[in-house]
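Presented below are the structures under discussion, each in the form of structure tokens.
After this come two complexes, each holding chain A, first together with chain B and then together with chain C.
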Partner chain A sequence: MSDSEATATVDISPEELREEMLAIYPPKTKRKRQKQILVNDPDAIPEIAANTRTIPGIITQRGCTYAGCRGVVMGPIYDLLQIVHGPIGCGFYAWMSRRNLARPKPGLPNYMQYSMSTDMMEEQIVFGGEKKLRQAILEAYEIFKPKAIAILATCPVGLIGDDIHQVAREMKDKLGINVVAFSCEGYKGVSQSAGHHIANNEVFKNMIGLDDTPDQGEFTMNILGEYNIGGDAWEIDALLKKCGITLTATLSGDVNYSQVCRAHTAQLNTVMCHRSINYIAGMMEKKYGIPWFKVNFLGADSTAKSLRKIAQYFDNKGLTERVEAVIAEEQAKLKPVRDEVTARCKGKRAALFVGGSRAHHYQDLFADIGVEVVSAGYEFAHRDDYEGRHVLPTIKVDADSRNIEELHVEPDPARYNPRKTPEQMEALKSQGFTFEDYEGMMKQMKKRTLVIDDISHHEMEKLIEAYKPDIICSGIKDKFVVEKMGVPCKQLHSYDYSGPYAAFTGAANFYKEIDRMLNTGVWKLITPPWEKPS
Partner chain B sequence: MTALGKGAALKNERCYEEVGGDPVTQNACKLCTPLGACLAFRGVAGCIPFLHGSQGCSTYIRRYLISHFREPIDVASSNFHEQTAVFGGSAVFTAGVGNVLRQYQPAVVGAATTCLAETIGEDMERLVSDLQKANPTTVPVVHVSTASYRGTHIDGFHDAVRALVAQLAQGGAPLDRVNLFPGMVSTADLRHLKEVLEDFGVGYTLLSDYSESMDGETWSRPEKQQPGGTPLADIRLAGRGKASIEFGRTLAGRETAATALAEKFGVARHLVGTPIGIRETDRFFDVLRLVSGRATPEKYQGQRGRLLDAYVDGHKYVFEKRAVVYGEEDLVIGLASFLSEIGVTPVVCASGGRSKRFAESLREAVPDLPAETVVREDFDFADIEAEAARLKPDFLIGSSKGYAMGKRLGVPLIRVGFPVHDRIGGQRIHHLGYLGAQELFDRVVNTILERKQAMSPVGYSYL
Partner chain C sequence: MLDATPSTHSAREALRINPAKTCQPIGAMYAALGIHGCMPHSHGSQGCCAYHRSHLTRHHKEPVMATTSSFTEGASVFGGLANMTQALNNIFTIYNPEIVAVHTTCLSEVIGDDIPMMIRKAYDEKIIPEGKVVIHANTPSFVGSHITGFAGMVTSMVKHLPSRAGEKHGKVNIIPGFVDPSDMRELKRLAREMGVPAVMFPDTSDVLDLPQTGKYVMYPHGGVTLADMKTVSHSLGTIALGGFTSTPAALELESQYGVPATLLELPIGLGTTDLFIDALHKVGGVPVADSVAWERGRLLDVMTDMHQYFYGKRVAVAGDPDHVISLVQMLLELEMRPVYVITGSSAPRFEARVQQLLEGRVPEAVVKQNADLFDMHQWIKEAPVDLIVGNSYCKHIGRAENIPTVRFGFPILDRMGHRLFPTVGYMGAMRLIEKMLDAMLDKKDRECPEEFFELVQ
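Up next, the complex of A and B:
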């Protein structure tokens, strides 16, 4: 999709702006930041120093390992009872603070409304917290009788030497249910990304594969890395159903524990958020023979493209026809609003700094309505999410990444079952079909757009001053400072408590909201009449 | 749901004794200690809060404060990693504060610890002196120890305010000034308190004043951070005040900003309850009259009179109603005092705090509180809900965290305190003084009327 002719239209040069951003930093900080602020060239993608430590005192958007594990990947599994082991703050902050919604299946509980914590006190810090953890699990079990329990560690746990994995084993034996411990102490790794990896490992080792009962559908698949923010997964699910495709599991959005345990029975894995869940995709491929490829259901044109690719994979005439009919019908329904919004928004400029995939995915929604992206960056992504998976072999494993276990996975002796024969795979590949294929954000961004990894408050301020974007997409921590400066800011973590934005139906919501934000009259009222020149 | 709440019957008393508390906290009615410290520091003009520990703490705390205030707040961090956790964080502290000084040119840096730093035993005094050696600065770096396993957000707030005056206030000839330490109140409360002090015509140090820094205007020019806050110069002068007034009955017997000033500079401490409702506000105005040596301005006679008049007008709707009150201990005490004077019976008064003074202070403030009212500290929302389900109140009053409980029980929730993140204007709910009580009273009565109207098949239009 790259088009090197199409360069970003900005008044000041990106090189100049980059220099301005870096100017205030002392030499060491500057050396580091200059590798994270790059002028893009989709035809010769520069190397970005992503997934490196945030410099102390630079105010970052990034969260911690615990947040990535507890909040992002584990949080949405609604009938898995999750107990946070640590002092109270971390447990409290993960209490419904992400908008991963759930509509539990009949008869299943929804534990997402609960924030369970061992609420460690000084006694436990000094004498150890295992005893309180055991008691907490017993008490929680007595109250809820859950099918499975997760124990999530916070910073002090590793430091005081509590063996949560031993406690998990003991409790598993005692209660006869699955109890899984996650060593996701906040200080591990450089961001929440480490927590995603830890969650992936434990879910893969201790949940996926526990139940071999397949779904009944003719075409079954999983979506990995879709968290049902604002109901996105529901839109995708409805769309796939309409096409005749059954979703076995969405990891992790509106998903229950038994769906996770059966995920390995699906015929295909598709990946939305590559950053947070590519590990599971890769491991399931190795162990069970399920191929995976990247999809994006954000943006009408991307949704159509993703659907077509799924149909092509299943290689079934009926399915292909249904998919084409659904695309035609949905695009036609969407057209009036898309045209209307495009007429008002075309040529406006956006910048996105969010997530590990969102800063990329939402560019497709903006493209649908003619909004140009002048700058973008992730909070916690790695080089492959920027530059494409082809750089994977060249990524240096540093001390922080080495802390996170890399599982060695072998094909399952009984259940390894390649979903496609080698001939079928070859046939697909010869048609240009790609597997394990994320080409990254920079390939799709225009030449001379500014790519900024882990943007700081100072850099955001400079960007606004220089580029005056019409809209910025970010998270709650930046939203209000951006709006103080007179630029509307759309939160792409919580969707400003609206959504869904996925699939065709969700796209309409997004177009209308962006239109409303770009064209509201409120910004014109900022200067009072007595300060206006007479 | 099978498990609506733990309930008394499900309590495992043996567990409770063995681990010195309820083993599992289910939906806590408290937040973590450094959150309170960050907010207190952000109420100082030009101050950047700085958390020594993992970056997740600053991110979560920012996220949480912002969801209530809908305002930006920057909280820097020393960004601990595995090695720092093992070998100590002096180097990252020095580097981090250095970067903050360079980027923000702050007037003050407010450094608080996280559980991580506390667990490895970081000595903040030493870190600040290391910093001064490595990177001498004239910008004061105030430090406070805020392990979350030792307290709640309120403790962090009070300890940060104490650290500010203990480390910054200076002595000298007494001035015609008073110090006011209101605790963690709303931005509307802070603005009201400033107006009261100004109307009394007395100089003052109000700490911590985030009325503008956390509830500000749109910017006509770029700023490093939201303007406003207690000026550093005012904190310096706190040692020369005539007296300190501190809100919060549970603070008796605890070391606070006012006790620090009393010890160091002999500034008299006056501890009053958080002034919610007429009785507690009367006490505050009495002390203010006494320490300022000035008569109560007439304006407040008027506010008090109108409030009483409203109490009379609305009494028929609220008397004999029953309420569940939860939140920070001193907020609950103030609310209970207010509710009981308008004829509402608080049937549950609960907090996640652990001051060990809650019941005693509450009964002192509200002598007419029925003996059977459930008064508990160290309660979580499961405990509160179990009691509420048993006692069937007419309304709940407390933070947004009671929303799910209210929904399940079919009981309306009147949102006050912190956090209020499911309504616009949560940061500027006015609780304090006669005017604050007026607003609370109107909201309580109207909640009851709205429900009455909604439930009535008749459709009364005059109430």
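Up next, the complex of A and C:
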């Protein structure tokens, strides 16, 4: 963990760098960006203008609402047949481009290898696309006989007025299977984030709670906001199994439709990516009485901390002992590689600009090996992900956020079942145990680090010039820009096609990968002999 | 792998499964990157721009810069003028390009944004600085494919950038089609080798195949310059490679400025490259260079040396119309049998042309435009092939059916050679032949009985 008293070691002051970043902007752009670039103080966290509109003409990392819904949350449900309603591009680009790996259970299909779309053409734009959508669903059913179908809307759908929810209802009646529509048109929000929320709402309304069959197992839980990038969820699953804990569902990583429908039978919800899935966690608590808290399985020390918290929640002596034994065993196994890599990487500097939780989670992995984070920011997070959930009541709901339905959730008359008695909850809280507890990125980052929301290309260039970080963590669009500047860049959406990085075994992979990137000789070959001083 | 695919083919009317095409804007973005000092701008929701930049980056492993109008619901209701104006102001102030090439998306087209009006207004209000240029192409995603998007932006270049004033000069225009930077570099090399001074547009070499220098440059030294684009109206002629990607721009230049167009297919394989060289010879008024003739000879030598391994082999081909039309000719030169030939684009002329090529030679061939990889996979299940040639998405079929797969076309997301080594010209054909042969012989070496495991082939 970072020492909040310490000051990030950089040559140029963050205030100066911030000014340099802002200097070139036209006045209106500057006014907006200056609220999204802040010098951090973990003891007096400043307010950041996160989850606001992207400025037109700025080279941004952000994607759209459809990407957040189809690509992130829904994509990994491998046996849910998903039909993208719209012109071909959106279905094409979301086809196997995220690394949410799946190993389908025997007998279940893997539709993730398929891109299905209505391939909407001008005729549908003019005369409406519902007819083609109905026909596409019938054809999909005829060929694949799926258990359930999802319809995902792209930009034109809302504009031409196709009622995909009505089509879903009709098809549900006709085919006798679940058919769910997602109004996740790309323009619906300011980023992917709106799409997460839309996916959360529909999954909660139309899938979770459909099957009351509980898992066998003394301790059952879900992990929400874990997408199994590079196999992360498998590492976490294996670790929990070793401790004697059963995962009912991982939303959404290597998960099938039936697991999603049974998710409400678990005894606990833990949340990895707060941004993309806290909505479901909150709604499940209200409807079914399942408490949730935040965990982080990225970083060895964070993994140990998260495991201990889970054990404390279940409050079982045997489980606690097993968890401690597993932590001791895994940490001991990890120690040689961690020590070796730390010796080579300690004091190097990183900057992370990615996602809605990853730019925070990975700081723990860097902390494990003594790499200092000088700057960080999210691509599409909200104020609570930066400043902590305590700011939730003060977040102004703007026109863009109002577009996304806030579901009103009541306790389920039959199935509301508080997993802990009020006395047990009080006892836990008195031990300092927190529920619904995300403290955000800024509290953990050092004083006078630079926090940049929705970083632009220009700001990234300035940051690299000024801070000369040893490594940047970002995504595919930045990767080769950063590397052309001679700085290694680790993609944290795709892991550069490696991983897993979660839990203890994953941490070892990450340490070794960062060691490779920070200490490789290839960057030193840039200057040819004839340009070297004699 | 692809276990849910039934083994008999059934026709579909509405459902596209595993597309062999994508949407117009990415083609327009790629073409715009081939103009020196250009910032491509996507007028629509920012997800389009993010997806296109991501996919182009995955294909090229290079920085791909583009901006977006970042529509939200408000812009979708009230129109995108304010977004466009603010975007142009930001782009010229912050990123200082020579030119901005705007393309539209399904969103801005559905709401009916009038792009020429928006650009005129930006000129009038001096949001576009003196001496800077903004061009546009309408590329709704619900029309055509990435191929027509590319053709649209190239046509927009010749509509907006050449100058009527000026003198005839001795250069030849080359429109290369939707090919890789390595291909564009190779076409320029061939012209140079022949002694033909050429202007190529678009030209993404030295834009999307940059050296590692430790220094990032937003506008690299490659790309056709605005100065050169001004003069393409006075060239000796235009050699347009690819009926779907390059012909429209060449015809526009011919009708507007009287620059004679030579319309060719992409030079992939021996015969189509011969026609390209012949065109350079005729349009440029130069003899064919010995060095080029020798390259041809080396290619033909490989074809005769290795003919036995290609003869009669059944091939499935998926890709963009111009690429596939030429590749089929190359496969026929090797006396292979292209039995399934598809393109995802809607292109009736494609079917007619490929059928004409296969007529009397491969009577069992199935040729289909507006098809998808699911179609092709089902046909392969019904009657297998020895080789698949197509983009990276074909590799799943290759694995599912244990068929060697050679990557060709766009996009190639999992290998790196395409951005360095061409598939066009005689050299490109030699490379493709090597790749196809390696793929087939590697399979044989892995699977044949030990007694037939040959040291020499």
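The criterion applied here is as follows: the second predicted complex is superposed on the first by the 530 of 534 C-alpha atoms of A that agree within 3 Å, B and C clash if a C-alpha of one lies under 4 Å from a C-alpha of the other, contacts with A are read in each partner's own complex, and residues count from 1 in each chain.
Note that contacts are C-beta pairs under 8 Å (C-beta built on N, C-alpha and C of every residue); 3 or more make two chains touch, one makes a residue touch a chain.
All values reported here derive from a predicted model rather than from experimental measurement.
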item	value
Touching partner for A:Tyr187 - first (chain B), second (chain C), both, neither	both
First (chain B), second (chain C), both or neither touched by A:Phe144	both
Which of chain B and chain C A:Pro156 touches, first, second, both or neither	both
On chain A, the residue positions that both chain B and chain C contact, one per complex	24-26, 29, 53-67, 83, 86-93, 95, 97, 109-110, 113-122, 124-125, 132, 135-136, 139-140, 142-144, 154-156, 158-160, 186-191, 399-400, 403, 457-458, 461, 475-477, 479-481, 483-486, 526
Contacting residues of chain C [partner chain A, same complex]	1-4, 6, 10, 12-19, 21-23, 25-26, 41, 44-48, 50-55, 57-58, 61-76, 83-84, 86-91, 93-95, 105-107, 110-111, 140-143, 145, 210, 212-217, 344, 374, 393, 396
Chain A residues within the chain C interface of the complex	24-26, 28-29, 53-67, 83, 86-93, 95, 97, 109-111, 113-122, 124-125, 132-133, 135-136, 139-140, 142-144, 154-156, 158-160, 186-191, 399-400, 403, 457-458, 461, 475-477, 479-481, 483-486, 523, 526
Touching residues on chain A, where the partner in the complex is chain B	24-26, 29, 53-67, 83, 86-93, 95, 97, 109-110, 113-125, 131-132, 135-140, 142-145, 154-156, 158-160, 186-192, 399-400, 403, 456-458, 461, 464-465, 475-481, 483-486, 526-527, 531
Contacting residues of chain B [partner chain A, same complex]	1-3, 6, 10, 12, 15, 18-28, 30-35, 50, 53-64, 66-67, 70-72, 74-85, 92-93, 95-100, 102-103, 114-116, 118-120, 147-150, 152, 216, 218-220, 222-223, 225-226, 352, 404
